[in-house]
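Presented sequentially are two complexes of chain A, the first with chain B as partner and the second with chain C.
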Partner chain A sequence: MWELIQSNRRKSLILFFGMGALLILIGYVFGSYYDPEAGGVVGVFFAIVLWVILSALSYFAGSKILLAVSGAKEVTKDVHPQLYNVVEEMKIAAGVPFFPKIYIIDDPAPNAFATGVKPENSAIAVTSGLLSTLNRYELQGVVAHEMSHIVNRDILLMTFAGVMLGVITIMSDIFFRGMYFGGGSRYRSRSSSKSSGQAQVIVMILAIILAILGPVLAQLFYFAISRKREYLADASAARLTRYPEGLANALEKIANSTHKLRSANKVTAPMYIVNPLKREGMKLADLTSTHPPISERIKILRALQQGVSYNDYQRVFEMIHGKKEKIIPDSVLKESIAVTPVIGLTNEDKDFNPIEARREANDAVMKLNDYNFINCKCGVKIKIPPDYNKPIVVCPRCGTRHQLR
Partner chain B sequence: MIYFIIFLAVIVLIILFFVSIYNALIRLRNQVKNAWAQIDVQLKRRHDLIPNLIETVKGYMTHERQIMENITKYRSQAMNAQTVGEKAQAESLLSGALGQLRVQVENYPDLKANQNFLALQEELTATENKISFARQNYNDQVLMYNNKIQMFPSNIVAGMFNFKEEEFFEIKDVAEKEVPKVSFN
Partner chain C sequence: MNCPICKEPMIILELNRVEIDYCPVCSGIWLDEGELELLYSIDNTESELKKLFRESSDSKEKSFKCPVCRKKMIKIRFNNTELIIDKCPVNHGLWFNKGELEKVLSAKTNQSSQKVLSLLKEMFSYNKSQEAE
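Right, the complex of A and B next:
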């Protein structure tokens, strides 16, 4: 785990400086295009200020904004005990000191995401649809996947990468609009000498190339990392639960769901366990999709028969992918110890009661909407809506009178 | 003079090397201790849940007195256990008895519909899972710690400062695999 964080930090730094250099270059070239003498510096300054503001915003408020946009509500243990317990189980399995906050999104489409740049203020959000479709082991797999994102510090990496991508996109957008409306450099008429005119043309061509390629490059870079982090989180989840079948089944159920997540958009899509926007795609879409194809993730998880260590995941990945690609950092592979999977839990779905699960999920949503619940001694659960204002409620089965506060 | 400085530098390097190994050992040992504390918390939690469970179940399950007596007996055994091995032994017996109870619950539809019992059952399942995940984490930590103690060159430092190998927390599967006895009286 420690090595994973280390390698992630290193990767964050490389990414950070790489994209930062691209940002400064774009700022300089665009600036020079508008004003050959002082514009470059102004452009760089503008780019950096924009980046700093957006980074600070996403660092300090990003997770709050994300949770608010997706309509997530924080829950306590009594709202959905199973979810709370599963999160605690994964916290224990990972051996980490922090306890992520738990959120439920009232949406029939099954999905989940994790957020929080620091593990101490991290949060895991699941939809009510997820709670009503998955059994305990599948839910465990999903939560383990999200927990891995937090533990591996993926969120920090993806946040900064996302902001860089955003700034580069915004800048090229501004540039194109400027070209369209302003028609080009304000100072062109002033620069009379031939050589400076030539330089001007070069700068303009360079600027146009950067404006077109910059966002594409940044996006490919961003997507590549995002996909790698998904595989890595799957590997960590298999290792945490020792039961890859749970996550595999969960992914299958999520992929087969016909519901569409209402609150998801292009910006928040990479955060979810399964891309909420695109249907599982063809090979061609691989390069530009934020998530690896679900079928492939499931295939790898199901092939983890002999062991669920990082080594096993890397081996199986290469076997199924048919090419050598490092999914797990070397430093982790070296340290990883043999881990045997749990086998023989497969009849778990027999115990799973979909009606009960749906009721639990509905209850959770009702509790979020301020319904009051009373467990009667006779075993009946009485649900009282928030606008019920009589002082006493009578149990419909045994007739016990319950005092309300 | 120059040889003396080189000699001194080599000595300092060796000392630094040993210090780093020593610190790594300390870190691993603390992780093992912390992992053990996590197991202990969950085991206590299970012990606390049991009286509540017996209380809820008692009224419904009139024919399973033997199982309930076993649960109570193993619970007190587990609470009095001292070493890791003893604890593992007693806790696995307790797990087995609780498993038997769970199988018998199938025969009591009224109990299965009771909301209090359902809530308790979820708590019990979660606690069992937490125990096994804490155990998993503990055993991983012990493996890494023991590896470090046995491997060269850290074994030298471990021997010098008396780092001792830790015991794995292994649940003997005997009790869990035991087929529940069905009585027809």
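Right, the complex of A and C next:
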């Protein structure tokens, strides 16, 4: 396990400096575009200040920002007991001493992600759509996948990269908008000599190229690593639950959902268990996608018949992928002990009732939004929104007058 | 969510796993799109039920706004009767004025609508007895 963490830290550092360098370059070129003499320095200064502020912000509050942007709300055990129990089980299975915070996002599209700089203050967020479509085994698979991201320290990397990517995207956005409104032309018209005019054309072209390629480049930095992390988290999840079919079915359900996640954007997309910005029929997407093709992930999980250890995952991965590629670090493979899958579990959760699961998920969201729940003695459950302003509510079934605070 | 007619916040009632939005002021009922699906998930009469509704352009009733998306709801006529119901143009759900849902369900008597009808009668049994007095 230690090497997983080490190599992740190294990658975190490379990524951090690589993106920082890109940021400085963008700052310099954009600055020069606006003012050829002093602009470059100002641009670099601006970029570095932005970088430092946002790096600090992402270290201390990155996960909070990402959770807030996704509209996630923290839940306690009584809001959704099953989710809480599953997280607790996976926490014990993974042998982690801390309890991740649990968040629910009010969105019918099923999806999930983990975040947090340190494992001690990490968080797992799931959508209400996920809770209402998955049965217990499938939910276990998803939570185990997210728990693996936490244990493997992927979240530090993902948080940093997410915020960095955001800065670069914002900068090129500002540049394009500035160009649209003709911000640079004032300075350009002042220059008289021919050679500096030529230099400016070069700077302008360079700036435009960087504005287009910068965000793409920053994303590519990140995609290659992120994809490997997804496979690794799948492998760990199969090992933790000893039931790869659960995660496979969950991935299938998530992929087949027709709902689109409202809060997802380019920056937050890579964090989710399944890319929420999927587009149909995009072959090119394989190169630039943050996630391995979902069909392949499912295929690998389903092929884990004899064992669910890291060794098995690596072997099946190579078999299905058709080429040798290290998904799991050597030292881990060396120490990998055989883990047999749970046999005889039918995925059909007997107690699973889609109506009830949906009701439970909706209730959880309502509780998070400060709805007042009254269980009338006649059996009717009355859910009162926080903006209901009358002092009493009359049960339409038995006529009981319920006093409201 | 606010009632499209009186603009007051609606309360949510749940009985036997069926959930409806109910306006305590005008006794109107809002059925979410998903809720309708759940109500009829017992058998596949949902599409059958939909066939019974026809858009009516000649209605003189005042139109209301969908409580979810605030778009103007369209009037739909039920099974060539005089019964006119409001429907969200982008399918967020159906609005039934007081008593309308009952009429719709009692007109179409198959098993699942029977089930829903008795449930509704149950849910509003106190209101019913008040009206009788």
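Here, the second predicted complex is superposed on the first by the 257 of 405 C-alpha atoms of A that agree within 3 Å, B and C clash if a C-alpha of one lies under 4 Å from a C-alpha of the other, contacts with A are read in each partner's own complex, and residues count from 1 in each chain.
Methods note: contacts are C-beta pairs under 8 Å (C-beta built on N, C-alpha and C of every residue); 3 or more make two chains touch, one makes a residue touch a chain.
Here the structure is a predicted model, which is why all the values come from computation and not from measurement.
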| item | value |
| --- | --- |
| Chain B versus chain C as contact partner of A:88, first or second or both or neither | first |
| Which of chain B and chain C A:380 touches, first, second, both or neither | both |
| First (chain B), second (chain C), both or neither touched by A:398 | second |
| First, second, both or neither for A:136, with chain B first and chain C second | first |
| Contacts of A:242 with chain B and chain C, given as first, second, both or neither | first |
| Chain B versus chain C as contact partner of A:169, first or second or both or neither | neither |
| Touching both chain B and chain C, residues of chain A | 379-381 |
| Contact set on chain C toward chain A in their complex | 1, 9-15, 17, 19, 22, 24, 34, 38, 41, 122-127, 129-130 |
| Complex contacts: residues of chain B adjacent to chain A | 31, 34-35, 38, 42, 110, 113-117, 119, 122-123, 125-126, 129-130, 133-134, 136-137, 140-141, 143-144, 147 |
| Chain A to chain B touching residues, read off their complex | 81-82, 85-86, 88-90, 92-95, 136, 140, 240, 242, 337, 339, 375-376, 379-381 |
| Of chain A, residues touching chain C in the complex | 354-356, 358-359, 362, 366, 371, 379-385, 387-390, 393-399 |
